[in-house]
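Chain nomenclature is as follows: A, B, C and D, assigned in order of appearance, with residue numbering initiated at 1 for each chain independently.
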Amino acid sequence: MSTEAELREQMATLTRIFAMRGLLGVHGHISGYAPDSGRIYMCRGLGSDKATTRPEDLFVFDLAGQVVEGEGRVPLEWPIHTAIHAARPDALAVAHLHSPWATLFAVAQRPYLPVLIAARWFAAGLQVYPEPHLITTPERGERVRELLGADQALLLRGHGVVVAANNLQELLYIAVTLEDNARAAVQAAALGTPDFLDEAAFAGVEPDTTMSIRARLVWDYFARLEARWDRQPPFGVGALG
Amino acid sequence: MSTEAELREQMATLTRIFAMRGLLGVHGHISGYAPDSGRIYMCRGLGSDKATTRPEDLFVFDLAGQVVEGEGRVPLEWPIHTAIHAARPDALAVAHLHSPWATLFAVAQRPYLPVLIAARWFAAGLQVYPEPHLITTPERGERVRELLGADQALLLRGHGVVVAANNLQELLYIAVTLEDNARAAVQAAALGTPDFLDEAAFAGVEPDTTMSIRARLVWDYFARLEARWDRQPPFGVGALG
Amino acid sequence: MSTEAELREQMATLTRIFAMRGLLGVHGHISGYAPDSGRIYMCRGLGSDKATTRPEDLFVFDLAGQVVEGEGRVPLEWPIHTAIHAARPDALAVAHLHSPWATLFAVAQRPYLPVLIAARWFAAGLQVYPEPHLITTPERGERVRELLGADQALLLRGHGVVVAANNLQELLYIAVTLEDNARAAVQAAALGTPDFLDEAAFAGVEPDTTMSIRARLVWDYFARLEARWDRQPPFGVGALG
Amino acid sequence: MSTEAELREQMATLTRIFAMRGLLGVHGHISGYAPDSGRIYMCRGLGSDKATTRPEDLFVFDLAGQVVEGEGRVPLEWPIHTAIHAARPDALAVAHLHSPWATLFAVAQRPYLPVLIAARWFAAGLQVYPEPHLITTPERGERVRELLGADQALLLRGHGVVVAANNLQELLYIAVTLEDNARAAVQAAALGTPDFLDEAAFAGVEPDTTMSIRARLVWDYFARLEARWDRQPPFGVGALG
């Protein structure tokens, strides 16, 4: 695992990449957990400018939800992060996103399924958190964790998504896959019911690469793009979700 | 309430933010009312470049619709603003927008309802002004006010929207919520009838935050983005509405 | 009417504005006719960079389709322009556009009608040129002119649109209205059949402003935006049409 | 045919143009074959920054799939290119794209057909590679080649497209036509079944220009736009496909 300085650097980079892709809007936030120290690093929440996040801008929480470092307004929905980090050693990275396309499946009355082979990770479908409120208490956080189970993503009804991954590189990969596949599924639906790729469609098909290799290459790609981003406000997507 | 200088500054900032988000196009305009002085500050109308609005560019009207300060062509639809300010002490801020997505519900034969929990303010639905003309007379302005009632938004058939709020910060918040929710509802409709969140869906659900806190944070967020905006022409949205 | 220098200046400005709005792509072209001199000014065609057009870049044609000034490859579909200018003294400005949204009505099997009151000019519907070929001969140009009749726009099947207007300012206004209304109609169709505003819907409704006033203000608006345009390639729209 | 230096220059330019248009994402790649030397020039694959590709960044393969020049990770799906170049002397240029709109027809259960006359090249429809995996072996490459046959494009189920052309200029033209037509077909479908232009629709219609002239002019157009591109990350399209 990375040092604290490396983890802070990666957290800031990923926050800016998500901002560049329009996945955070004004509300989203992400976290990275360091199991050795028990510290959860979390970016700032509502109203903060994610596109300019630096390593020193992060909050540090403990697993009980206490702020250990950082001043000011913490993200209202911090219980999403603490509940998952406390229970899933395989989920050191968590995001709450207002991804414009993926959120449509938390609005539509139709299951989220892959239409792209890159979204194979979701071939068993996704659960939906059913209550139309924010995740503002440990109890609600716990319910999110239960519904997420061992999955990598959860839909929040009329609200957004939660993504959980082994590390920050894989978090980026899964979040982008989730969003790309949602866009393709919605746009293809104009042509009729898409060819959904459920588990049966992938039966007997070996994955062509490992997640960890792909995730590292995709991270490098977006990090390079983010480095030259002119930080103009995203246009043509929702802001509040 | 703010001083005249503060109100002018906020009016100019909000005009530029709405321009950045593509909500004004060539036709929209906004106003802020100072009840102590009876002065209505209004941005310029058709043909003016909203993206560069400064505090000194505003018109000042009185409640009777007379121009007290400012030269040149006033917005043709000023009666929207005077009618609402004169009658609703809770609506010190008013916008007439040609929001690309929200306007679709003034075109579609289907009610506007929340699909996102952030749009809960609209759970009772919105009224539609039925006549296919502009709001160019006090009589039409009065009819707009009647249909708006105590609501925060009104659809104008084949035309655009009117938004009314307690102050300019909340005006921004409501307008962006209205538009985000419209986008999500239209795009999700490709997947079938969306899960509309009407009043029954929110029964027993406490709001998680207050409007005033959210509105302030969202204002800060957009003001920061607007400050670094390169003022490039919006692309990919309608211009005239 | 304007002098030759003024007409060339306006032609170059409008070509750049249409490029900024993504309405020309690689194929479109526009013309302005000076009846006193019998000269038709036309921008360059396929492959030229419309976004940087200057007054001296134009071709000059006569009504018979002969090139009077200018070197290089003329727009293949010049007969659109000569046929209309020769026959309609009220159409001193003509555009052949590959407007991304309006062209969809030359693809869909559904009539083009207003859904926005600003598109009232099209309340009687538009004709469609039925042959799937380019307008490369005087005979085809003549057929375009016949189908256009006294209208301000014509759809070309699977291809694009033709717009005819009294002058270049009105050409901009009509072209942008045509495109905005098309976008709204297509996007609203996701919600069911839109509330089309045919002639019956406008019965007894007086227009609120004159075309000439609106067209001048809209021209000023876009000319100001074009002056600060950074000339980045349009993204997210078709290029070839 | 061009010299090696010219071919490398064209390859780099086209890679950057495709990046500018959002057709490559993180996964796509293109190749150009020099039959005299038996060398296949290929751009870099997953994770590389296509927007900054230079002539010296390319791999060189032989027809057997051996890397002759270039270090680092080769595109995983190189067998697409070697299989086609080895078998089709008329396909000196090949692209594997994750075109956002065209890929929808590899997701939808509806045939790809022209709706725009510029897409006439596809009037007989396109085949679909049916297996939901990447093209990572010579056997799979051979199956791609068989399904492609003498066509200029092939859809890969839930994945992307393959385009084959006589040279790099025509590759650009065909790829852009494929994508533009896909966008128009999907968006028009919101209005009902589009007016598909199959072979019967073009019966007796002579093409108006030759492919080679059009392809050269379109290349010049995009090369000029690419030269002034500010290389900002594409926004609003998928990244992974």
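Here, a contact is a pair of C-beta atoms (placed from the backbone, for glycine too) under 8 Å apart; a residue touches a chain by one contact, two chains touch by 3 or more.
Quick caveat, the model's predicted, so the values are computed rather than measured.
Common neighbours of subunit B and subunit C (chains touching each): not present.
As for how the two copies subunit A and subunit D face one another, under half of their interface residue numbers coincide. In this assembly, the C-alpha centroid of subunit A lies 45 Å from the C-alpha centroid of subunit C. In this assembly, the C-alpha centroid of subunit C lies 32 Å from the C-alpha centroid of subunit D. The set of subunit B residues that touch two or more partner chains comprises 185, 187, 190, 230, 232, 235-236. Of all residues in subunit D, those touching subunit C in their complex are 20-22, 114-118, 120, 173, 176-177, 179-180, 183-185, 187-188, 190-195, 197, 201-202, 205-206, 208-209, 214, 216-218, 220-222, 224-226, 228-230, 232, 234-237. Interface residues of subunit A, counted against subunit B in their complex, comprise 26, 46-49, 73, 76, 100-101, 103-105, 107-110, 131-134, 136, 157-159, 185-187, 189-190, 230-233, 235-236, 238-241.
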